[in-house]
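Next, two complexes with chain A in common: one pairs it with chain B, the other with chain C.
So, the complex of A and B:
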């Protein structure tokens, strides 16, 4: 039961992690599509989960969960995340989000948090969000499926929250969209992740519309979110 | 200021409503604090642009690499209170880059009277209002006005032009704050800036 409650704490939007400042490409999509609505949001969330998170950040998270607290192995997982993130705003955003999450855990004295921060400062690690989540949540006692469920939930709930704050869907419409994609998150979170040797960590994702929108967003003069 | 270098930079916040003069106050504080030997950097939380950060970077007052912008995700409250981790991490990164840093100034995005800083983020904070916003602002007892360590009432030169009884406004501000400090400024003209710098020095920099 305790690990379940700890999972809820980590998934809670009230847990300070910096995630509120990242729209995961939504602000760029909305800027290019004034008719973006609840159905658009469901399609976008489905694409983010199925075509990016499932085989990239989720896999990195699980591999990091197994690798923790080995900074060398975590660093190689980080390098794979870095290589798989085409858009600079997403790549940098992932590292900033990881650093912010780690800030809270260092202050909470989560086991291993200090060592993770030292590994990022001294070089072996880049500190991508998925890698940091995997390492920290293992230290807190979350299982691999629990960690995947929390990360998947945060991705979709955070993206819904950003869309609501952009005024593009209502708060209840946002929850409709969230409910619509949770079964997909649940199914993917339980998929097995085979162990990969250091030189063969393959993370894949293909979400071209979101990535083009995020690149255009990065050059916009007016924006509320970091990506 | 003294020659004592703290182990970590002191962190202060400057918040307040849109247009009250937060950036102008920082522009005036930078040279005054630098003249007193304070090694400082600034982090801005612009709401929709990086305009405040760019204004400071281009001001010629401070090395542009000592100014960082942190996005607020449409939530100026959140980034300084409920979830200040992006700001904390940006401050940590500046401290790593500039090991002698003594003072980090966090400028909030323009907000409303309910805006307050988390003490996870800052050691001490200023709330800036201005006379053109109306002399009833202190009477409304917003959390920003009541809870800040120092209330700055800016643009005092405008008082006669906007029908504000400045002495009455300052007296009311002191009353609702239970005697906690209030300083009147005209940031554009540099009036009152030394007193604000004195207050910062006494509060977080071990100045006499």
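So, the complex of A and C:
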């Protein structure tokens, strides 16, 4: 039961994870599509979960959960996340969000948080969000599926929250979109992840529409979110 | 299924360019069927060391179970522009995907521009295409991968699946970029497609030292003018710039890629791209 409650704490919007600063490309999509509505949001969330999170961030998270607290193995996962993130705004955002989450856990004295921060500062790790989440949540006692569920929930709820804050959909419409996509998150969070390969870790993702939106928006004069 | 039972062709074309006598020379060529190449052209009188080569398929595209490879090695200081004459069709191959592996090695201070026309996925086509680029110090390259779908009967039937992978690494084996994409034809055409309403996709990497890279805004504008939706970003590990491109169809995609690649060519060589007959 405790691990479930800890999962709720980690997923809670009141937990200072730093994710409020990132829209995961939604701000760019909305800027390029004034007709962006609840149906658009559901399609976008579905795409993010199915074509990026499922085989990229989620895989990195689970591999990090297994690799923790070994900084060399975590660094290898970080390097794979870095090499697979072609969009600078997403890549830098992932590292910044990882750093914010880690700072909170250092202050909460989460086991292993200090060592993670030292590994990022001294070089073996880059500190991408998925890697930091996997390492910290294992230290807190979350299982692999619990960690995946929290990360998946945070991705979709954070993206919904960003869309509501942009004024593009209302709070109720946002929750409708969230409800619509949660079954997909649940199904994917339960999928097995193969053991870490001996050769290169390769992450799979394909979200060109949202990536192009994030690339274009990165050069916009006025932005509410970091990506 | 054991590999021996697969249908399809096994062939790897190898091209090796070297610098010699103040120019670039195609020093080695192994071009088995279904590959075919033209003679090297010199389209730039002011840069006689830069040669252009057309790579052609003698067989009308990629078929079920094909395993085709293309190895391009650019010797130190050599410069080449390798292109195609037309888009390549990927035929019905659902149970045995066609595989196309491109391996490129760009030597010190060498330059390669390799922007083939899009791969056109016919109904039930299955494709696995990978591009691996190895860079030595000072190497510069412009390389693309691109896909579109087309049903010759106009019935909107989807392709089966496609897997694309792109890797860039240093000669010492340090990975700079490594991405992999996978999607089924049904997902490609779905209302929740990660392409949104677009139906053709391309990527272009512009690799080289930061000092010689083009302005991303110029390339984005050039591609946008063709009717594509483009975005550019600095690549991981300071490898260069990455372009993503979406278009409504293969023809528009090819035009957008040509416009973007032309700007990249100009930035990396100082030359305006020559008009190429296709």
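Heads up, the rule we're going with is that the second predicted complex is superposed on the first by the 226 of 227 C-alpha atoms of A that agree within 3 Å, B and C clash if a C-alpha of one lies under 4 Å from a C-alpha of the other, contacts with A are read in each partner's own complex, and residues count from 1 in each chain.
The rule is simple: contacts are C-beta pairs under 8 Å (C-beta built on N, C-alpha and C of every residue); 3 or more make two chains touch, one makes a residue touch a chain.
As the structure is a prediction and not an experimental result, all values here were calculated from the model.
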Touched partner set for A:25, first chain B, second chain C, both or neither: neither
Chain B versus chain C, judged by how many residues of chain A each one touches: C
Which superposed partner A:134 touches (first chain B, second chain C, both, neither): neither
Touching partner for A:100 - first (chain B), second (chain C), both, neither: first
Which superposed partner A:215 touches (first chain B, second chain C, both, neither): second
Contacts of A:162 with chain B and chain C, given as first, second, both or neither: first
Partner chain in contact with A:75 - chain B first, chain C second, else both or neither: neither
Chain B versus chain C as contact partner of A:121, first or second or both or neither: first
Partner chain(s) touched by A:16 [first = chain B, second = chain C, both, neither]: first
Overlapping contact positions on chain A, where the chain C interface meets the chain B interface: none
In the complex with chain A, residue positions of chain B that touch it: 47-49, 70-75, 78-79, 82-86, 88-89, 92-93, 96, 120
Contacting residues of chain A [partner chain B, same complex]: 14, 16-18, 20-23, 96, 99-104, 107, 121, 162, 165-166, 221-226
Chain A contact footprint on chain C (complex, rising order): 165, 175-183, 187, 191-196, 198, 201, 216-217, 220, 229-237, 242, 244-246
Residues of chain A touching chain C in the complex: 42-43, 46-47, 50-51, 55, 79-80, 82-89, 91, 200, 202-216, 218-219
